[in-house]
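Both complexes below contain subunit A, partnered by subunit B and then by subunit C.
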Partner chain A sequence: MIVLREVSYTYPEAADPALHGIELNLQPGSITGVVGASGAGKTTLAKVIAGFLPRVDGGELTGTVCVAGRNLAELSLVEAVGQVGLVIQNPFNQISGAKYTVREEIAFGMENLGTPRAEMAARVKQVAALLRISDLLDRSPYALSGGQMQLVAIASMLVLRTPVLVMDEPTSQLDPFGTRLVFAVLDQLQQAGTTVVIFEHKLELLQAHADRLLVLAGHTIVADGSPTEVLADERVDGWAIGSTRYTRAARLARGRGLLPVHGALPVSFEQAAATFGGAR
Partner chain B sequence: MSSTLYVERASPIHRLNPVTKLVALLCLLVVVFAIPQWWASLAVLLLVIVPAAISSGVAARLARSAGQLLLPILVVLVLVQGLTYPGGRTVLWQWGPLALTTEGLMFALTIGARLVCLVLASVLLVLTTHPGDLMSALTEQGMSPKFAYIISSTLQLIPSFQARATSILLAQQARGLTVPSNPLRRLGVLMPLLGPLVLGMFTDIEERSTAMEARGFGSTARRTTLVPVRDTRAQRVARWVIPVLALAAILVSLRWIG
Partner chain C sequence: MTAVRFENVRFRHPGGVEALRGVSLTVAAGERVAIIGQNGAGKTTLVRHLNGILQPSSGRVLVGERPTAGRSISELAASVGYLFQNPDEQLFASSVRIDVEFGPRNLGCTPAEATARADEALAAVGLSAQAQSHPLHLSLSERKRVALAGVLAMRTAVVVLDEPTTGQDARGADLVAAVVETLAASGRTVIAITHDMDFAAEHFDRLIVMAAGEVTADGRPADVFGEAQVLERAAVEPPQLFRLAQRLGWPQRPTGVQQFVDAFAARAPR
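Presenting the complex of A and B:
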């Protein structure tokens, strides 16, 4: 579905590339998590996959980015955004500012694409119910909290039903309930065949929901595998991505002599249950 | 937090189609600037703008917003034109080379009345028209959505600029910045904050542009609207009648008043 071959990207007037040597092949209907320290190139990779770079800033892209077998460089931006939806990091900037109510704000993208009114109304209702924001539909988009605004920003992209959805830190302003809700929605999207690429820091949720986890460090992919494999990698501390709460708890227990000194640390709830159950 | 200057009310002025209001505004401005007499502006002010402001329910807000803008301009206008108008002959008061003349005051009155009409009518449009409705209405009239968005988003520039400036100032105050009460010193302290303010606005604009494109804003498809902008047959007729009336007023003033 998404294939990146030898992709490097350098911003205009930058001496060094923000991304280099990116090789990626993502299957349709998969959820891929991408983690990395600040400045590792996550937002750049999100915008490259969505087809915005180099179009919007004129940087230099080498290699090829293909979505559904089509080279993004050969598509217009409108064609590209029809294939890949992008939820940007700051929900405040995802709001168009041109709409009076949340209902109209969510429909804004469909209006641009000429979707019939009845279909727009039905899709808005459906996506609002999915994200549990139906009670916000008649409010002003600017009268929302940061978390509510983030859910509206996500809804405004989900409603476009693109085959690929790229989400750049979509839960940064959400409370734990909202965060779990977004990940539950991702599971539903996956079942409907949508390919999701999510750039996130919440490792436990990525471990539980993603099929695959990529680690960006030094502007390239340094690890690629199932979340459990990647998070158990012995190099994980060097990537500065943190660790799951299960790993941290096991480290603490090991430090206090409650767990054996040797052996792999748990990265998931199931592994932690087995580890601590075994120790008891 | 609101990102627009729009004030929600259920008034007849609010219910008008934004294009009707825009046509009326443009015609009104053409009239006050084409007819050289001060009383023409005063008539427009008293017969059109003031009743519209009162019936819209935003008169107090209009007076406050426009007053802040107009007061310093009018004071400077009266002082400069009243005291230094080159064609001034009827001296009312003199102090050294400065002479307050009737001609100068009349000139200031003419220009000032026009400015009052311009500012009050424009601010009234902004206060009673949601930018989204303006954008939808202009797009429905065949204007390019990008151009319509530029016009409607301009109306939001002031509040979002204020919100960002406030957050930068608060952040700096949290780090020990004290803002003196003396206006000149205050200016000196606040000037360095302009850099982050302007840079932040540019970053926001770039990111919002990406978000807009991600939502098909660049599409050439015929746009649809979820909620149609209110319009009536009477307003469609009015949009043709108002310019004709404005032209007639100008021709009458040129022919019989001079």
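Presenting the complex of A and C:
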């Protein structure tokens, strides 16, 4: 669905590329998680996949980005937006500034894509129910808490029903139930054939929901595999992506001679239950 | 000594939403308190009363045993430092250093003292090398830490942090946790709002749970995380290792890695 070939990108006036040597092929009906330390290039990659770079912020892109077999650079902005939805990192900045109610705010993107009125209303209702924000629809998009704003930002993209959905840290302001809800929605989208790419720091949720995990470090992809495989990789400390509490507990227990030191460390709840629940 | 106190505080936003529906609570000087609870529960609205950005529709808010009513925002700023949820609401200057020095200068510090405080605060948040940068050229997570440095440089007795770990990578989250520990060790009162249950459990002695404009639980993390119905109503869940211990049927309620491993060690000696 999305193919990146030898992609490098340099911001205007920057000396060094923010991304280089990116090779990526993402299948429909999959959830790809991307992790990486701050500054590794996550937001840049999100914007490249969504066709915002270099189109919106300038800079220089080399290599090719293809969506559904077409070169993204050759699509018009409206065509690109119709293919790839991007939930940007700071929800406080995603609100359009053009609308008086959350209902209109969520519908804003559909207006630009020419969706019929009647269908717009129905879709807004459906997506608001999905994200449990129906009670906010008549409120001003500015008179919201941070987490409510983030849910509205997510709704504004989900409602477009693009074949590709890119989300840059979409749960940063959400309460634990809201975070789980977003991941449950991603599972549904995956079932329906959407190509999902999520940039996120919450390793245990990526482990549970992503089919594939990429690690960005030093402005390029340094690991690519199943989440369980990647999180158990012996190079993990060097990537500065942290580790789950399960891994940390097992490390400490090994250090104190409470667990055998051979074999992979647990990275998930289930693995940790097996590690710590086994008879001692 | 009381650091801050809310007495039956109600607040209605101009839009008409009643965000606080009678909150009463007292935080003693030197306590470290985490406020958790669902999106829209009223957490930010509550803490914005502490530096006078908001005044209650009814009830009273006291800082340092005196009501905030009638006190100016700049007077309160000398007692309460507030890290905004959205750093872009907080930062205004054309360089990181100017931004961080602004608070201490306003408090009447000499330029040299303001510079020294900014240096210390920027080191604490891991941004010494970015002092000359324009805040807008930094990432969101870095901007949040610049805003945190600005709060630290004020050296207020009470420090209020609205979602300080949001968007931080592993190193950023460790830096923020270390800041909380350092503040607490120096006797300051720390009040933090967070959706990160592990962070709340590992670095705070007291948890306040909010749901729909009210406080629904208030106690030690190990106790509060045992109250399943309260948590459910507030859309939160226990920390990861606490849940793992529950699943394994252990009697202990570990809130962090150390306690979890201690509990494991105590189970069946070899």
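Please note the rule applied: the second predicted complex is superposed on the first by the 278 of 280 C-alpha atoms of A that agree within 3 Å, B and C clash if a C-alpha of one lies under 4 Å from a C-alpha of the other, contacts with A are read in each partner's own complex, and residues count from 1 in each chain.
Assume a residue touches a chain if its C-beta (ideal position, glycine included) is under 8 Å from a C-beta of that chain, and two chains touch if they have at least 3 such contacts.
These numbers were taken from a predicted model, which means no experiment stands behind them.
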| item | value |
| --- | --- |
| Clash or fit, subunit B versus subunit C on superposed subunit A | clash |
| Which superposed partner A:178 touches (first subunit B, second subunit C, both, neither) | second |
| Touching partner for A:140 - first (subunit B), second (subunit C), both, neither | both |
| Partner chain(s) touched by A:190 [first = subunit B, second = subunit C, both, neither] | neither |
| First, second, both or neither for A:99, with subunit B first and subunit C second | first |
| Touching partner for A:148 - first (subunit B), second (subunit C), both, neither | second |
| Partner chain(s) touched by A:82 [first = subunit B, second = subunit C, both, neither] | first |
| Subunit B versus subunit C as contact partner of A:114, first or second or both or neither | first |
| First, second, both or neither for A:90, with subunit B first and subunit C second | both |
| Offending stretch of subunit C which, after superposing on A, collides with subunit B (from 98-106, 188-196 or 242-250) | 98-106 |
| Common ground on subunit A, meaning residues reached by subunit C in one complex and by subunit B in the other | 89-90, 92-93, 140, 143 |
| Touching residues (chain side subunit A, partner subunit B) in the complex | 47, 50, 52, 56, 76-78, 81-82, 85-86, 88-90, 92-101, 103-104, 107-117, 120-121, 124, 140, 142-143, 153, 156-157, 160 |
| Contact footprint of subunit C on subunit A as seen in their complex | 36-39, 43, 89-90, 92-93, 139-140, 143-148, 151, 169, 172-179, 201, 204, 240-246, 248-249, 252-253, 256, 258, 269, 272-273, 276-277, 279-280 |
| Of all residues in subunit C, those that touch subunit A in their complex | 13, 15, 17, 37-40, 44, 85-86, 88-89, 139-142, 163, 166-173, 195, 197-198, 234-237, 239-241, 243-244, 247-248, 257-258, 260-261, 264-265, 267-268, 270 |
| Subunit A contact footprint on subunit B (complex, rising order) | 1-4, 130-133, 135, 145, 149, 152-153, 156, 160, 204, 206-227 |
